[in-house]
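Multiple structures follow.
Next come two complexes built around chain A: one with chain B, the other with chain C.
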Partner chain A sequence: MPDTSNFTYKLDGRLVATDDAILSGRDIRGNAGLNPMSDYVLIQIVDRASRSIGLDETIDLREVDEPEFLSFKGDRTFSLTVNERGFEWGAATISAADIYRCASIDEDLELILDSAGDAVIPADGEVTLSEKGVERIRGREAKTVIIKVNGRPRTVPKKKHSYREIALLAYPDADFDNFKYTITYLKGVHGAEGDLVEGEKIEVKNGMVFNVRRADKS
Partner chain B sequence: MSAELISRDPHLNRLQDEGFELEVRELVLLVHSVPYVKRDMSLGRGTLVCTLSLDTEGLTSSPQTDHTMWFTGETPCHRDGTPMTNIINNSKEATVGLDIKVRHYFSSKPEGTGRYANIYNKVVTYESHLGAAARSHDKTANARTGVMLASAEDDSPFAIPDSASARYGIAIANRKLKGRIAIIGLGGTGAYLLDLAAKTRVAEIHIYDDDQLLNHNLFRSPGAPELALAKNFPHKVDYYAALYARMHKGVKPHPVRVTADNIDEFAGYDFVFVCVDKGSSRRVIAEGLVRLSIPFVDTGIGLGLDENALDGCARATFIASGTSWDEVAAHLSFGDDDEEADVYGTEIQIAELNSLNAIMAIMRWKRWLTFYRDERNERNATYMIEGNNITNRGA
Partner chain C sequence: MMARVDRLTTVFVKDIPEQLENGVLYVSPECHVALHNCACGCGEEVSTPLVQTEYDFIMEDEGASIWPSIGNHDFPCGSHYIIKRGRIHWAGKMSRQQIEAGRAYDRLIKRGAQPKGLEAIVAWFKRLWAKFIG
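On to the complex of A and B.
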């Protein structure tokens, strides 16, 4: 059957269609079959921030571009700031991936937790929100990136790396006088892929993949 | 191959015995001196032409898979000078095989099965279409002249008839693959290179390696082992020469190591494939070939095991004659490993990587010879396993 609904919104990543322009927090929970409704926290992702939606609060879908909601089982909301914008969250932890996504932070930036003395939050890590005080998080230009060399993750300075620097990551005792190391890479800046030879340097980025082997067997 | 196939094949042999003037050029059959009637009702002689398809024993297929023939003469006519539109499919000039110019394309399907039972029936039927009209004017007009043609120049290097060239219409491109080539090192990559080279029309394939064949070598070579030939640990080159003699008549084994003392004999080769492990050998060979101005491809694979998965690369470096030594040395490794410790585990080798490396090398050679079109002209190509990408560096 063709979908004749006029409005859509996203709940927990799934698209929901509705004929109603104006929905209450109760309607959204009801549409998702969340019972009892008061056992669930509903969070709306707004422009690089998030807020909790009470049962009787209303949302006008006509006024929001691509409305998006997340539901959490629980009765508590937690507060944090990301790049100085207020966030409300329905769980005691938030993953770095959710912070990047909800706060629209470029994946090349790294996340910093202010309260922990500027500690870097790993891209696959999370932040605990249940401590006293509001956690303050911000994105900043990364000083290091994680690349993969022969299958192993390596944290390296975010700068141009030379042929020899990359080869030494794979083989710390590399013998440049006697051997050529064939260095190939992919997933570089702007999707670059290719090879690197003596005398050349290359910019690295998070997730870039290198292979270093001696291509001299028959 | 021409005379040999005619004498060996019972149907071609019968045609010849009856007096047909047969010729076979790279699996294209020509039947000469076929009489026909021209538009002005005078008589002419022309040649019937068709490509031969062979069965697995190398004999003409029975029944015939193709019911058509070409003709080199003018428009053949019935006795009254009206064109034989009943058998002429079209009259566009075309080239068959290497250089056979034809002017008409005939299609005459036998009734019933639609296929000729054998090549004898096909030739006799087409001759009767044209010849019967001619014989109505002159009863001595017959394609059975009894003239035995001198065997066409037989330069096929293959040990079996080359039915592929004519079948796929690539006879002219195949002619670009000629001369004498050499493969140094018959490890995995070299064995696969021989496998591919043996299917080309090069006159001679010289293979160099002083190692004996061992069991593990067979896991990195094409096909399945021929145990009778592998008995008593023969030299690799003798084993492969015996094996590939079944395909190519020009495989010449040299059970020696290539060193500064014998590199000068490579002056006589048109192209060399280098598939060695030792850096010091690679240096001696590269220096020699550059000095002798012999173009070559140096191959190499590098595999490693990290985090329980294999990764690495395959490299093919093409050194055209005239390349400076600095440019050669920029890509090739000349150091030797410590015999006692293989610290990097660089000995890992896998058949498909050897095979891929051989294909990269043979493709480079064939693009250089313009068998394949080449718009890249790269000096160095590297395949990266985990990225499934090939990176090229220009000359």
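On to the complex of A and C.
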């Protein structure tokens, strides 16, 4: 006997199993106990874009790879574009984390808001959407990255950094003639980890960890 | 002049604060590092990276232990101590020769370099460790 639940989809991050290949917006809301149904906006994430699903719209689960939906309490939808692809959203704000995830944007890119003169959207920030205009967002190669130096966040240019540059981030008054600085790093590009010594340079990425020790280990 | 402390209270944090309080050992598991102000009260910040080639960290009910010892030979105070179960165990100042041996050992475990007298250094370290543990 085959499994009775032949199809699955994700709603608000949870996996839902169903026997039906074809579901309406009404069915998906009903399965989730969203009541009254018209008080909820249902959004489907589709290939780096998203669209709202009305009550009578149908979805053939056989035609979608890993179907994913989000529900929002409310009756309004908001429009935006991310890298030129249309998004519909069920809330007046969308977090940068949701944009990265739904639009499959590489975490090393930074998000830019066109309407705000190319302002950078912080990775832990959000964008306020309006019912009238369409916010345009895109990802671009970041000019800076945030690294951790001795456990403290430091924003630095996205370039190769030398032993001395990293030591100076930890100890702005570093004295290379008289003291020794031992630098270890973790979570680098392609998971790089090791130690950085005088004369060496290293590529940095968001979330990379550097620890600089001034005292001698004895 | 700040007073010297004989205990460190351990605080686990995501990010290490920019200003440290004396008598507190800040530990960021995410960043694999612990920081504290030198226990002598001189105000110098001590960073102990918690990675294989640097320091070991153990948390017990009584407090945190960090191994090996903290040797602030580059600070004016020259403090040297062990943090064991949240307590500061003061050790003697090290001689220049001992400091250089420590540095050579440090280079060895990091880069696999082969300085002269390697076995002597390792033996010296084993004796030192045994003395502190005992």
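Operating definition for what follows: the second predicted complex is superposed on the first by the 210 of 218 C-alpha atoms of A that agree within 3 Å, B and C clash if a C-alpha of one lies under 4 Å from a C-alpha of the other, contacts with A are read in each partner's own complex, and residues count from 1 in each chain.
In this section, a residue touches a chain if its C-beta (ideal position, glycine included) is under 8 Å from a C-beta of that chain, and two chains touch if they have at least 3 such contacts.
None of these values were measured; they are calculated from a predicted model.
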Clash or fit (per the criteria above) of chain B with chain C on chain A: clash
Touched partner set for A:36, first chain B, second chain C, both or neither: neither
First (chain B), second (chain C), both or neither touched by A:198: first
Which of chain B and chain C A:13 touches, first, second, both or neither: neither
Contacts of A:184 with chain B and chain C, given as first, second, both or neither: both
Stretch of chain B, among 21-29, 219-227 or 237-245, that runs into chain C once the two complexes are superposed: 219-227
Chain B and chain C contact sites that coincide on chain A, given as residue numbers: 150-152, 178-180, 182, 184, 186, 193, 195, 197, 209, 211, 213-218
Chain A partner contacts - residues on chain C that touch it in the complex: 13, 15-16, 18, 26, 28, 30-33, 35, 46-49, 51, 53-55, 68-75, 80, 94, 98-99, 102-103, 106, 110-111, 128
Contacting residues of chain A [partner chain B, same complex]: 150-152, 171, 173, 175, 177-180, 182, 184-186, 193-195, 197-198, 209, 211, 213-218
Chain A residues within the chain C interface of the complex: 148, 150-153, 170, 178-180, 182, 184, 186, 193, 195, 197, 209, 211-218
Touching residues (chain side chain B, partner chain A) in the complex: 185, 187-190, 275-277, 279, 282, 299-304, 306-307, 309, 311-315, 330-336, 343-344, 346-347, 349, 354, 357, 382, 384-387, 389, 391, 393
